[in-house]
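As structure tokens, here come the structures.
There are two complexes below, and they share chain A, which is joined by chain B in the first and by chain C in the second.
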Partner chain A sequence: MMMRMVLQRLGIGIATLFVVSVIVFVITSILPGDVADIILGQSATPETLAALRAELGMDQPWYIRYFSWLGNLASGDLGISKAGGASISSLIDSRIWNTLIMAGMVSLISIPISIVLGLWAAMHPGTRLDRIVTFGTLSTISVPEFFIATIMVLIFAVKLKWLPATLYLTGNENWSELLKAMAMPMITLVIVVSAQMIRMTRAGILNVMSSPYIEMAILKGVPRKRIILRHALYNAIGPIVNVIALNLAYLVSGVVIVETIFSYPGLAKLMIDGVQTRDLPLVQACAMIFCAVYVILILLADIASILSNPRLRHPK
Partner chain B sequence: MNNSQSGIRYSDLTQTHKDLACKLSKEGMGRREMMKLSLMTGVSLVAAKSLLLDAKVAMAAEPKKGGTLRYASNLHGPDDKVDPRLFTSNIDYSRGRAVYNGLVQLGENITPMPELATEWTPNSDASEWTFTIRKGVKFHDGSDLTPEDVVYSMNRHLGEKSTSVIKSVMSSVKEWKKSGPMEVKAILNGPNADLPILLGLFQNKVIKADSTGDWNGTGPFTSESFEPGVKSVHKRNENYWREGANLDAIELTAITDPVARVNALISGDVQIASNIEPKAFRQIDSADNVNLSSIPAALQLGICCLKNSAPGENDDFVKGMQFLQDRERIVKRILKGKGSIGNDTPISSAHGADFCSELPQREFDLDKAKFHFKKAGVDGAEIFVAPVTSGIEDTCLLAQANAAKIGFDLKLKKVPNDGYWGAVWMKEPVNVVTWNMRPTANSQLAIQFAPGAKWNDTFWNNKRMGELLTASLSELDPDKRHAMYCEMQTLVHNGSGMVIPAFSNINDGVANNIMGIPNVPLGQVGGCEWPEFVWMA
Partner chain C sequence: MSEVIKNEDEILAKLDAFAELPDAPPKRKLKLSWVGKLASLVVIFWLVIVAIGPSISPHHEMDMDGDDSFMVAHDNEYGSFYLGTDHLGRDTLSRVLYGARNTIGIALLATLLAYSMGITLGILAAVKGGWIDMIISRINDAILALPSIMLGLIVIAALGSSVPILIGLAGVIYATSVFRIARALAQDIMVQDFVEAAHARGERIWWIIKSEVLPNAIMPLATDFGLRLVFVVLFISSLSFLGLGIQPPASDWGSMVRENLAGLSGGIDLDGNTVTSYAAIWPALAIASFTIAINLIVDDISAKSGGSLAKKMI
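Let's turn to the complex of A and B:
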């Protein structure tokens, strides 16, 4: 049953990847100018453009380029960056680690904090602590991340000079240097993603708390802590893991603002650079990675909700 | 560096006080250092400030070896280049300067200096140039520099299949060939007295024959690692053919966000931050540990009125646009004083002797603007504006506000930089433009104003202009040459569709202990010539 569902979802995932690759290819092709225009910029002439297009294989029709890209992808070859000439796997290689380290560290801090705070607020609804958590999360959701990041840089890097203003890694840092360098971007992202997860955990649990079986448990005299941890939490896991999955996917693909402010070479910035230089193979490769991350994380979230809630195993 | 007001000079100080001033000026030029110096030497605060400056200049006279410098450019990406002929950004130029050499190097005031060529001689009409190649130069892989390498590198800019960025600039050369054991010849299509200067362009680097660069050059630094869009690390080349670099190593990266770049400079993450915007001047000034390096250059803030379509085809419309520019205010307020007034020609005093200072300055005059707009019979126009250079958007906004005063409806159509050169420039009837400063007045004028030139971005085709551009290349008499350049600037000033109200300086942020940035106005940080020359105090 479970196996079938997983296989089915993986099949749909691969179909999604295919559709996304076509859409990204078409949209990037519609943008004004191609990679040759961008490389030569102001110094382009019709002759140099034609020569460069021929050199880059851009003089072929789009469908031939698309299918040759698809064929190479199937054999595991991401191709060569049209704009710079470096192999795309080498461009992605260093950045994917940067992105994964950042996403991993942020998740390690933010997921436990969010679940604990969310549970706490749900256990004591209406108390001062609950109000502080609600107020805090609402304020951090409404403040944009570039604002948090910029203020922190001004205070801790420019004024106090405690932390570096940009996340520049030489590759020889030890753990404490790495932590110091990553502190500000990490805190910014923790603030941004935690708020949403805290609110979702709290809302999910409170939602379950209003259902009849919880009322029954209350009437039986089960202590509130036990009701939440033993009965309510399992039923609320579905929506909570889904929010966590979406936030993790965001940490991989959507943190371009933080990457820009701290000048951190990650995947999101790489994709923007790819679009700006009309570097189709590079954009495609990033799009495929992001899409795959979403598909896998949502699949994992669904598996987690099914495991935690037996009723979902027998859809009506 | 005398200091007449306070009566005390740096040279008057005792050695202990000199050392103290040097030490303090390294720490910073702020109030704190002035106070310390004033307290410990008993001079006034005003005198202390100038003593600190003098100390800095005195120290600059004796370069020191050692240190690692981190440089943050304004742009980089997966499209960072290894192949010199495709270099397009300041980080490419700086890397190229560090790893490769050219035949000719452009020194202070754009004077051509020997680099890989020890000497060069033209034939009688400058249509054939002979270059002697330096002996004993080695590539980083240990192989010797040969004339074949030079011929190969130079010919890559020529021919139909060439994708070189400077293909059209170098098109006056027909062919490069070996003419002796250590000698090459450039055969030109016609006379060109400026050829050696053009060889100083960033893209004209010498690479190993049959390669595409591959960071195997003859330059002052070797390449240790290169990650496009992340960073590159370079170590001093100990086998360099001349004394070479002062720094042990340099790391080249970019911080694309202008605010983050300035923050990184002030917090000490980087020692040079290139391309500082006028908005950030005050932040740099108020920080103790950094200063602004501002080199006057001919970076034009231009508005093109196309002469092949309405409204630019009407000379009076162009005149109206030119009189509409409040030039002094643009330089003072928008460029915060780090720029110079333009006279609707692309040549500025940074071009040296070829600049026509005799040409009367066109002033801001709303009455004249109104008169010309009325004569042209237009009561409105639309400028396509992209942030192609800092200050251009504000310049257009200022023109809009002034136009409103005389009842002229100047609309601004804001478009992004992305795709601008292909989709807007040379297509929309009125648009903004900037050009990197070219090393010679001739190449600067020819690129935009030669009749039928590919980038004649106002479509102004003047026969006399074409004749003068060609004739001036073979004119070796300075007075006659100047007269020719003056006539060309007058033609552009009066007849073309260009509005050039101002030129921006080249502005970079530099840590106080970084010395020796050369005075070359052709790119950021001393024309990107800094790697070989800067040193850390």
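Let's turn to the complex of A and C:
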């Protein structure tokens, strides 16, 4: 039963990936912004346009172009970047590890912080420290990521002069230099992602706290600490795991801003450069990677909540 | 004449009697804590600036009247620069005041568009059901499966960026969540007894939507409006910050932060010394004050609703 539910979710996930690839392709290929037009720019004549379209395979019907694009994508051939003519796979290969390292370190730091702080706030609701945590996290999630980043630059780079405001990685740094260079973007992302996770952990626990069996425990006089750690936490694990996966998905949009402001040489920076120069093949490839990661993380969140909740495992 | 008035009195008396019944619904009053009141003042302040900003600002948003770029507050023959100048020597205060119209104004338009699309399609899907519901819901799910910033980036890569594209883009992206809420609400309302009674009376579907569904769905949707507006402001200002939103030289808070980042370590004071220029901080604070204030109001309203034993005990 459980296996079937998980397989069903996997099926939905693959279907979603397929739909996402269609959307990405349709938006970047069918809409009036024509690649041939952009390449030729002002020097376009009807003849050169037609010739270039034929060369790019753009005179084919869209579904044929879509399937050849999808086939190339699946076999790792991401095409040629318009700017400079380098192969997109090599461009991405040099950048994607930077982004993955950053995302991994941010998750390692932010997940424990968020769970501890969220639990702690839920254990002492209404106290001054809980209010500070609630207000702080609410403020953090209401402001744009670049606001946090700007304040970080102001404090750590300009006022305290501890860390560099922008970083230039040469690839030859040792670990401590690398860590120092990555500190600012990492702190920013940790703050942004943790705020959301703390709020949802706290809300998840408080939500369980309002269920009848907890009321029963309160009424029979069980101490609050024991209620949370022994009764509430186990039922909140599902939602919390769910929140963690969702927030790592939220990292996807966070890295776009943070890599740009700190000129961190990651995949998102590559994609923004591609959007600015309207390098559509590059944008397509990067967008597909980000969207696939997003869909997979949401899928994991879904499966985690099925596994942790017996009621979802055995639907009536 | 006197009889009519007497009748009205009787009706009023009856209504009063109903109001005192024990199961009469409590009168809804919007009570805000002092935080909520303060936050409402901030929001009202910015909405007033949206309306009158350009007419009270000391300079035009594009006038390069300042003595130098990233200067601290100073005066010259063109007037006063209370918050200093930006990277092109323009008055920061004027650009923040003008920018309110672009940042908040465009976000408001996009949110209104999202609401009109989301509510129309949501109610349509709930009322019609069947294959119409199926198609709209599947398209909606597909758009929701993409991170909004990614969708924004690929559309802008394909179409370029202009104000109508931004409004349409944010409108479509955020219509998806409005659609889900409106559809769920309308589905709940459509199975209520009073709607079935209206069906039985032989009312037309439009009458039912207008008189039964909309009035019952409008309150929950209205509280959601604030949150949605915050998301749209964050979305559009993030795109502007990336240089892909509202295009220069128009002033807009997101792009102002980006343009003036270099000033954080490269400002100039009146004696020519290098100091910190806060030209990037002011627009950042403007966005933050607006979005935090709206979230505080929404939080305040939703904290007032509900309240169980456990909530009081813990």
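Quick note on the criterion: the second predicted complex is superposed on the first by the 253 of 316 C-alpha atoms of A that agree within 3 Å, B and C clash if a C-alpha of one lies under 4 Å from a C-alpha of the other, contacts with A are read in each partner's own complex, and residues count from 1 in each chain.
We adopt the following convention: contacts are C-beta pairs under 8 Å (C-beta built on N, C-alpha and C of every residue); 3 or more make two chains touch, one makes a residue touch a chain.
This is a predicted model, so every value here is computed, not measured.
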For A:261, is the partner it touches chain B (first), chain C (second), both, or none of the two (neither)?
-> both
When the two structures are overlaid on chain A, which partner does A:47 contact: first (chain B), second (chain C), both, or neither?
-> first
Based on the superposed arrangement, let me know which partner A:73 touches: chain B (first), chain C (second), both, or neither?
-> neither
Which holds for A:299: it touches chain B only (first), chain C only (second), both, or neither?
-> neither
Please work out whether A:100 is in contact with chain B alone, chain C alone, both, or neither, and reply first, second, both or neither.
-> neither
Larger residue footprint on chain A, choosing between chain B and chain C, goes to C
Would you sort A:158 into first (chain B), second (chain C), both or neither based on which partner it touches?
-> both
Chain B and chain C footprints on chain A meet at residues 31-33, 150, 153-154, 157-158, 165, 260-261, 274, 276, 279
What residues of chain C sit close enough to touch chain A in their complex?
-> 141-143, 145-151, 153-160, 230, 234, 237-238, 241-244, 254, 257-258, 261, 264-265, 276, 280-281, 284, 287-288, 291-292, 294-296, 299, 308-311, 313-314
State the interface residues of chain A toward chain B in the complex, per the touch definition above.
-> 31-33, 37-45, 47-48, 51-52, 55, 81, 83-86, 91, 94-95, 150, 153-154, 157-158, 161, 164-166, 168, 170, 260-263, 265, 270, 273-274, 276-277, 279, 282
Chain A to chain C touching residues, read off their complex = 16, 19-20, 23-24, 27-28, 31-33, 125-126, 138-139, 141-147, 150-151, 153-154, 157-159, 165, 206, 209-211, 214-215, 218, 224, 249, 252-253, 256-257, 260-261, 271-272, 274-276, 278-280, 283-284, 287, 290-291, 294-295, 298
Can you list the chain B residues touching chain A in their complex?
-> 70, 72, 77-83, 86, 88, 160-168, 227-231, 251, 253-257, 259-260, 263-264, 266-270, 418-419, 421-423, 425, 435, 454-455
